[in-house]
Amino acid sequence: MLLSLLLAVAIAALRLRDLFAVVMLFGIYSLLTALFFMDLDAVDVAFTEAAVGAGVSTILLLAALRLVGRYEKPHRHNPLLPLVVVCATGAALIYGLSDAPRFGDANAPAQTHVAPRYLSEGPAETGLPNVVTAVLASYRGFDTLGETVVVFTAGLAVLLLLGMSSPSPIPDFGSEDDQRMQRHAAKGLIPFILLYALYVQFHGDFGAGGGFQAGVIFAAGLVLYDLVLGHLHTRQVIQDGLLIRLGALGVLIYGCVGLYSLLSGQPYLDYSALAKDPVHGQHLGILLVELGVGLTVFSIITLIYYAFSARRVKA
Amino acid sequence: MTWQQHLPALAIILPLLSAPLCMLIGLRRVAWLIGVATNLGGLLISVGLLQQVAGGNVISYELGGWAPPLGIELRVDLLNAFVLLIVSALAFWVFVYARRSVDAEIDSDKQTGFYAGLLLVYAGLAGITLTGDAFNAFVFLEISALSSYAVISMGRDRRALTAAFQYLVMGTIGATFILIGVGFLYMMTGTLNMVDLAQRLPAVSETSTVQAGFAFLSVGIALKLAMFPLHLWLPNAYAFAPSVVSVFLAATATKVAVYLLLRVIFSVFGVEFTFAQMHLEYLLLPLAIIAVISASLVAVFQTNLKRMLAYSSVAQIGYMLMGIGIASAMGVTATLLHLFNHALMKGALFMALGAVVLRVGSVQLHQLAGLGHFMPWTLGAFVVGALSLIGIPLTAGFVSKWYLVSAALDAGWWWLVVVIAIGSLLAVVYVWRVIEVVWFQPPNAALAGKTEAPWSLLLPTWGLALANIYFGVDTSLTTGTAEAAVGALFGVTP
Amino acid sequence: MNLLIDVLSGLCLLAGSFLCLTGAIGLVRLPDMFCRLHAASLNETLGTPLILLGLILQVGLTLTSAKLALIVLFVLATNPTATHAMSRAALHSGERPIVDPEAQEKSSSKS
Amino acid sequence: MIDTLTGLFNYWVAVILMMTGLYVVVAQNNLVKKLVGLGLFQASIFIFYISIGKVAGGAPPIIEPGVELYSNPLPHVLILTAIVVGVATTAVGLSLVVRISESYGSVEENDINQADRLAELETGDDQA
């Protein structure tokens, strides 16, 4: 049911020329995917997809549309080659799946080789009931370091491409009076959003969530503030140059936690070196690296949003 | 653990963390210094690693202290220690060269970010080279890819932007294909570790899932390494990127993709599966041959020298794939040697062009008539690199072609030798066009008053040019390492 | 007591679902932007909280019900604001409510 | 046959979604739409991965006393990383698109290619 909705949305996105509608459909698509992930027990992924796919991506796409124009030009194109490529890919996928283990099969190789070890030993070894966080931050912590660097790289790339935004008062979405209602609502909500972000940040070891989601939510709070109160206000709170430095700092926090264990004679990123009791060390290490992730994600997403929103439409 | 045992991790995290450090400090000169220091460190580390594995032993580094397949493992053997040496040596050399060229081509307020981006490209490549985990390779692939999109787009020409965009689309499709492939393999084996995969795959190698997984992995990597029909992103990306980026990417990025292909074909799946069962050579060889011939032909008609060299790179990748397609130890040795030697020659050639860009501001052939009289040293280095590219004896290029020809003859494929000869002849043609214009045509009036490139550019350029000659004469280091690495590669596979 | 709670929560759920359904039908059937917004806001401001209220009654006094209550508050705070912002934006971009019955005919046959 | 059809239903839909996304990327002319297509393509792969990890009757992998069967956490971890990579790519792609639109005045692939070709023909010089 959910899947057929997904399909309908995807095909509608393919056909529409109004890019604004396409972007909104893309957001809906992400939300539906998140629901679907929920259904498949992937709560952390659902959380992230809702925050990132439906939230951040959509905002970025809209911000870009403001700059490049909303309508796609009609054009003729020859769909033969793309169709061949797509059909070949599809055929290969279908061929590959015909021997695959059945959906939901508890005896599939994926479920019996490495994963059970995470589930049975993970909580004891890392002290965290949320196995996803445990695997993410400890067992495969190096991937997550890489992921944090990817976020940082994206911020760097956007900064190189669009440059630092100079605070300018132009984006005026209407007179004071026009925005009064949103302003009051937003002012009431923002503290709670930020509070919620902190909750997600520090509660990720027990429930769904973690540094990444928290960073996104924190950035969302700031973006909301920025949208409603105008640019000058937000930029008084926090500026670009500071943001990219905070992003760098987040990566360095993560990296230096690893370096610490390396210096104390353990392998890189072995958090058990952080405290006398290995499990305690793991817990501490995970908290610290999640903090680094949260910091980087928050500052880079805000930075990217700044870069897009400060850009003027050029004639 | 002693500090020597930490070298594999340090090789990756040193550049990975120095990039944010550059941004944290935010001064362009400091960033350059950090870059040089980091890359010097990286070079020393890779030499150290090569020494540690020289006897044929394999280092396994368990990140986070979790034994694979539970955690992520870095796995160093001769093959990737050799590739890491290529990448880090070139990275160091490029950074030494970079300062003047970057000052001329990049706005001063963006230089810090630019150096950080270069460091991230290097970190990503080092990560791909050393990791023993399939998904981790994907993550590092994306780090190097995202940062290369950024640094390519810093080119002065607006086409650098479209080239970077095209690369982004193709690169992301490639990475996503790799992700699908890894997913298929995970479905059938339940593991992501490459060694573990190699152990568990033979049992399920008959299933269509594994076969499709292999197909998706190969196509994804082929997109990244610009294998012939999937090479369209490469020429413009190299041609319009800043000079430093052209040098660095041409010398290293595709090499690492070739390494990844070798790893997948020989270590993860094994020769049994890839050649005896899937007959990869029927796909690789024809594509390699078409790549060599067609890309060389296109190169002949280019007027932009950087683009000419970029097409030449596509042809050279064709040679490397040919070596893999022969599927003998000799053939793969030729591929490895060519990885090394091609990095040297393309490095020298692109560095010489970078110096030309600095002085003349263009690499358009008709504007460079008689430039040899004004910049004899720069263009002298260009000639040395070009000779090596053709494969003249006593240059590095000759050694790898010699191995390739021997491998083809061993397999009894004389027609392949003919193809190699035609490719080399075409290389003579496109190189000669340049030499003729810059040395033997009367000087272009617009060039009056142009002077030789500064020492800070000439020295690294000549360093690489001389390396081309050195490794053409004394081949013991390169061939010895390559043969030993390939021996291990074929030895571990049943 | 249990029966009473069940009946109450059932009623809430039923009413909420009914409102959501009418809201959805209205969203499709009504002629212009503003009427549709009206329909959408109907199901959001009353339908969703009613459903959530029904769920709270089902769960009883636990942490989950506290979270549900927070969601209710959040929905009540944001949805009217969003509706307001959307209608303002529509008005700004030149959209006007349809008051003419003939135009209404035309527009509804078009969509 | 029936078993293949129903037992893999999730995967089939994911395949169709992947094909739709890939088609948008390859065939569309508008650069923004290409990026949306890339997003669709990647999101469908997320569905594929998460489906691998589902165990029928399993619970979310947050350990609680009394629950025996959990879904596989590993694909979740991988996809968390992949989602982040995806949004990073989108951000970089969009900033490229913005710059392209500023220097070419268009975000349609045909227009851009044509502008490049014209410039090269006029000057005989492909380095502006």
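The first chain written gets the first letter, and so on, giving A, B, C and D; residue counts start at 1 in each chain.
By definition in this document, contacts are C-beta pairs under 8 Å (C-beta built on N, C-alpha and C of every residue); 3 or more make two chains touch, one makes a residue touch a chain.
Everything quoted here is computed from the prediction, not taken from an experiment.
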Chain pair with the higher count of C-beta pairs in contact (A-B, A-D): A-D
Computed distance of Cα centres, chain D from chain A, in Å: 14
Intercentroid distance (Cα basis), chain B paired with chain A, Å: 31
Geometric centre distance via CA averages, chain D-chain B, whole Å: 27
Multi-partner residues of chain A (each touching 2 or more other chains): 93, 97-98, 100, 108, 110-111, 114-115, 118, 140, 143, 146-147, 150, 153-154, 157, 161
Shared-contact residues (touching 2 or more other chains) in chain B: 135, 139, 142, 146, 149-150, 153, 180, 186-187, 192
Full enumeration of touching chain pairs: A-B, A-C, A-D, B-D
Chain A to chain D touching residues, read off their complex: 3-4, 6-7, 10-11, 13-14, 19, 22-23, 26, 29-30, 33, 36-37, 40-45, 48-49, 52-53, 56-57, 60-61, 63-65, 67-69, 72-73, 75, 77, 79, 81-83, 85-87, 89-90, 93-94, 97-98, 100, 102-106, 108, 110-111, 114-115, 118-119, 122-123, 129-132, 135-136, 140, 143-144, 146-147, 150-151, 153-154, 157-158, 161-162, 206-208, 212, 304, 307-308, 311, 314
Chain A partner contacts - residues on chain D that touch it in the complex: 3-4, 7-13, 15-24, 26-27, 29-30, 32-33, 35-37, 39-40, 43, 46-47, 50-64, 69-81, 83-92, 94-99, 101-102, 107-108, 110-111
Footprint of chain B on chain A - complex, ascending: 92-93, 95-101, 108-115, 117-118, 138-143, 145-147, 149-150, 152-154, 156-157, 159-161, 163-164, 241, 244-245, 247-249, 251-252, 255-256, 258-259, 261-262, 265-272
Chain A to chain C touching residues, read off their complex: 174, 178, 181-182, 185-186, 188-189
Touching residues on chain B, where the partner in the complex is chain D: 135, 139, 142, 146, 149-150, 153, 157-159, 161-162, 164-165, 168-169, 172-173, 175-176, 179-180, 183, 186-187, 192, 303-304, 307, 362-364, 366-367
